[in-house]
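This report concerns only the one structure given below.
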């Protein structure tokens, strides 16, 4: 456990996240320009899409089918689980419970990428086709959560629009688009772009996590608004989902690294695709809840303790 | 033909262009921040300038003289040809005919770069000094077109200002500036910057074409405003100019790849230098015409069918 | 001397600076988007921090102690020297003298980076731990200058705030933060990010200097506002400080490249950390003085003639 | 543009409402509009800052009657659940 | 700044007119100006969006007479062929 | 928002004053604010352009009394030594 924890905590990407948080704590005038944030997220999504597509082009479908099925199942299951917990234990109203369920059922690409690089850093790289699972995991949970919400009375938002929002959201477009390009162009076709998309990847991720650290720290200030239960949920839910993910990963025959990364994916809370969809589909839900929980609590937890935990779990189960 | 077409259509850069267009068609919320667009165009222009300069520093002038002469001649000839066609066949007024002539006589750096990388991708790389031809090809056509327009009565714009605009425009500054730097610093002087400017080039181009695909698709919506003739012109003119360019390239002894790339350059319609100059020199011309034709019709045509066509032509003539 | 001068003047980074200045002179429409400028400065500061940290992790403290001590001492001495000259020779009022002293006592990261790469370019690379000296050199001078100013009567600004401003300014955060990350992660821990932070460094620097050239040239226009003395000061002060730095570098056993780079650091005038602190601590000081002197005079001087001069000096003293 | 009396309507809203609002103002009679990227805080703060794309400012110069219509439309349609403000000058 | 009556003149124009307009307003008596990057659509749409650099918004606070002068200058010089609007508040 | 009479207070200032000004307007009674990145020139030009981060425009819609208070605060606290302007509409 400890060595994995260290391997993770001492990797540049995680240290950059911590540095970003510190910069906010000491009220530094450091600012990541918004266009840089956007550029990095476009780059990272396209890059993992490309990598995944190239990997898919050389992986027998049979090998991918199991993990894809598992990811899909977890994308249906986890939002229901989250909704139940929030309603029963948290006594949270339907709207906000559904909104949070969408976020915790969906996936955070950053957490996935960080997990992937920490797993590699720890000597247990994950399967090349993992990015495909991100795409599979992103959508269903949001659909399920909206179904739950709309099944219960009038809604201010639009159900169709919300689905369009997810389906055509930048993360799906870039991930699936990147995968298609990678899959079509294949290993040699993408060779010319790999210095940019592969070589530069870890460095760009470092800058991105510096920014995420700042965003997370700013969100932390809103903790008082969200209450003790949500804080507990923001840590407990990822542990449960992470364990589920690791276990499922093992079941479908993923490597230790692969199972751990799947765990990290399932445990993570979306803060790009889900918020966009929820603002459209459930505008009456309070963003202070889902954004603070996803960005201020679950993201930092996963980047620091969560990922090593899932790696260790995967090691034990193996 | 077909294999070249595939080689071209299946290259990541072209696929990225298609992906960008698709994103607009499905109304994705994907957005390339404007500063990224500017950054990429600065990077690409400087990079091709540097590469060209380094190549020039090791190429005997005799070898370059022919192609430079050909490019210059084509820069004078093609705007006159375009103006004639637009006036006679298109019955277009003088102002807009001259504005379009400036655009189709000048060159689109993106098309040049894409052609260069597709040619290399297809196994027939072009000469290293080609970027010099971009600089040579960019200016004359705009001057000629302005001459034609100003030769015919009062103008709202300023002729001098327009020339200054081209001469000091960012594309000339970065291209010529980059070439000078590359030429002075030479192979080893630029070695330290080549991971950035050479290694990253194809990847940056992919991002740029993603953005161009979105811009082109948005322009396509204005097609109805421009009428059938302009659509025909936007496809016919590049074919004619492309053929001229390939043929001239062969005459002056360029390789198959070189002739094809020269063809692509001559066929392309400028949408950075020319619009800037025309807004100043011929403000009364309607941008809906030249921007839609250059960006919405000719750019997509060249990136998908044009470039493979010129490559095939060059193959036949060789 | 001459060969070093050429090696420096003909390096891509310096040529890019000249190109940027030319673009402004010819009134080109070339514009470096502000977010790109910010992105590059974040990248460069983090990158030199990382490199420095990795170097520190493998350097015996004893070896670093001397240079660090020298840098610290120079950070105390040079602002006092500058203040004296400005008061005695320049007959400048206390406020503006103190403000300028802060700038010339502190350091310009760009000048450091340029010196480092020119030194390497000239075949006399500097020690890997030099970035640590930038961090050491940045703060003291600003503190000393504020002490001098506040020791003399009422002030409009806030002394404490100004110190916080420096201590938490982006350059310190990124430099020290980057060094810490590099020091913790070490050689192999940072291997995955080095294509981005090491490979891309010189190229990013080229773009940054293109922008700096434009900023410097714009500043030059304000020369008339600052008067002859300040122009002389902007050239004389760096020569004096540079000589001091080179000499001190030799004393503490730095290599020729190291001593030259220390000279360049000491000679340089800060234009990021110092202005930020002075706006807060001495708002009544006139920015036209310190910004024009630092950016319009000293930066261009150092990038063109200064750095080769310090390299030559270091060669002689060696 | 200066001849007839006109009103400047300013709408500040979460980014994802941009296209809807642009369509709405043109549908309600605007002949043009200007968009600016802004950041902000208000009573609701529904915006998640840069994560959800900050805010946009939509300005349109229209006839008084049109201004009325736009302000009403925005108030009705968006005030309850969205981060939006509108004012007419 | 607040003491004497002043007018806020706002000009929205294609980017390439920026420097000319800045010079003009200062020549016509402005003592300062503020520039903002904006995007927009209007009756002419001469701007090619990001390709030609979107639009800029130029704001200047001036004496009423100066405001008049600026509005007239812009109208005369640019309305016919350029994407420009100006309004005084 | 439209019911009671309100004033739009606009402050343009050097970037480093941003957080102080935001705190001040809220302390003085504002319930929200909008920030825009701008560039500009004025009589002082204390800003060092992009080097020191250009300028920011801070807009807040407040009750007339609050507007008074903000304008006074800014004038007193910042006019003498900083690049700041404020106007109320």
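Observations on the structure shown:
Letters A, B, C, D, E and F mark the chains as written, and numbering starts fresh at 1 in each.
Rule of thumb we're sticking to: a contact is a pair of C-beta atoms (placed from the backbone, for glycine too) under 8 Å apart; a residue touches a chain by one contact, two chains touch by 3 or more.
Being a predicted model, the structure only gives us computed values, none of them experimental.
Note on connectivity: the fewest steps through touching chains from chain A to chain E is 2.
Set side by side, the interfaces A-D and A-C show unequal numbers of C-beta pairs in contact, with more at A-C.
Rounded to whole angstrom units, the spacing between the C-alpha centres of chain B and chain E is 33. Note on chain placement: the centre of chain A and the centre of chain B lie 41 Å apart, centres being C-alpha means.
Counting partner chains per residue, chain C shows two or more touched chains at residues 29, 33-35, 165, 195, 199-200, 276. Chain contacts: chain D has residues 16, 36-37, 89 touching two or more partner chains. Interface of chain E with chain F (complex): residues 1-2, 6, 8, 22, 31-37, 61, 89. Looking at the complex, you find that chain B touches chain A at residues 10-12, 15-16, 19, 22-23, 26-36, 117, 121, 195, 199-204, 206-207, 210.
Every residue of chain E that touches chain B in the complex is listed here, in rising order: 14, 16, 37, 45-52, 54, 80-82.
Across the complex, chain D is touched by residues 12, 36-43, 55, 57, 71, 75, 85-89 of chain E.
On the chain B side of its complex with chain E, the touching residues are 34, 37, 156-157, 165, 215, 218, 271-272, 275-276, 279-280, 283-284, 287-288, 291, 295.
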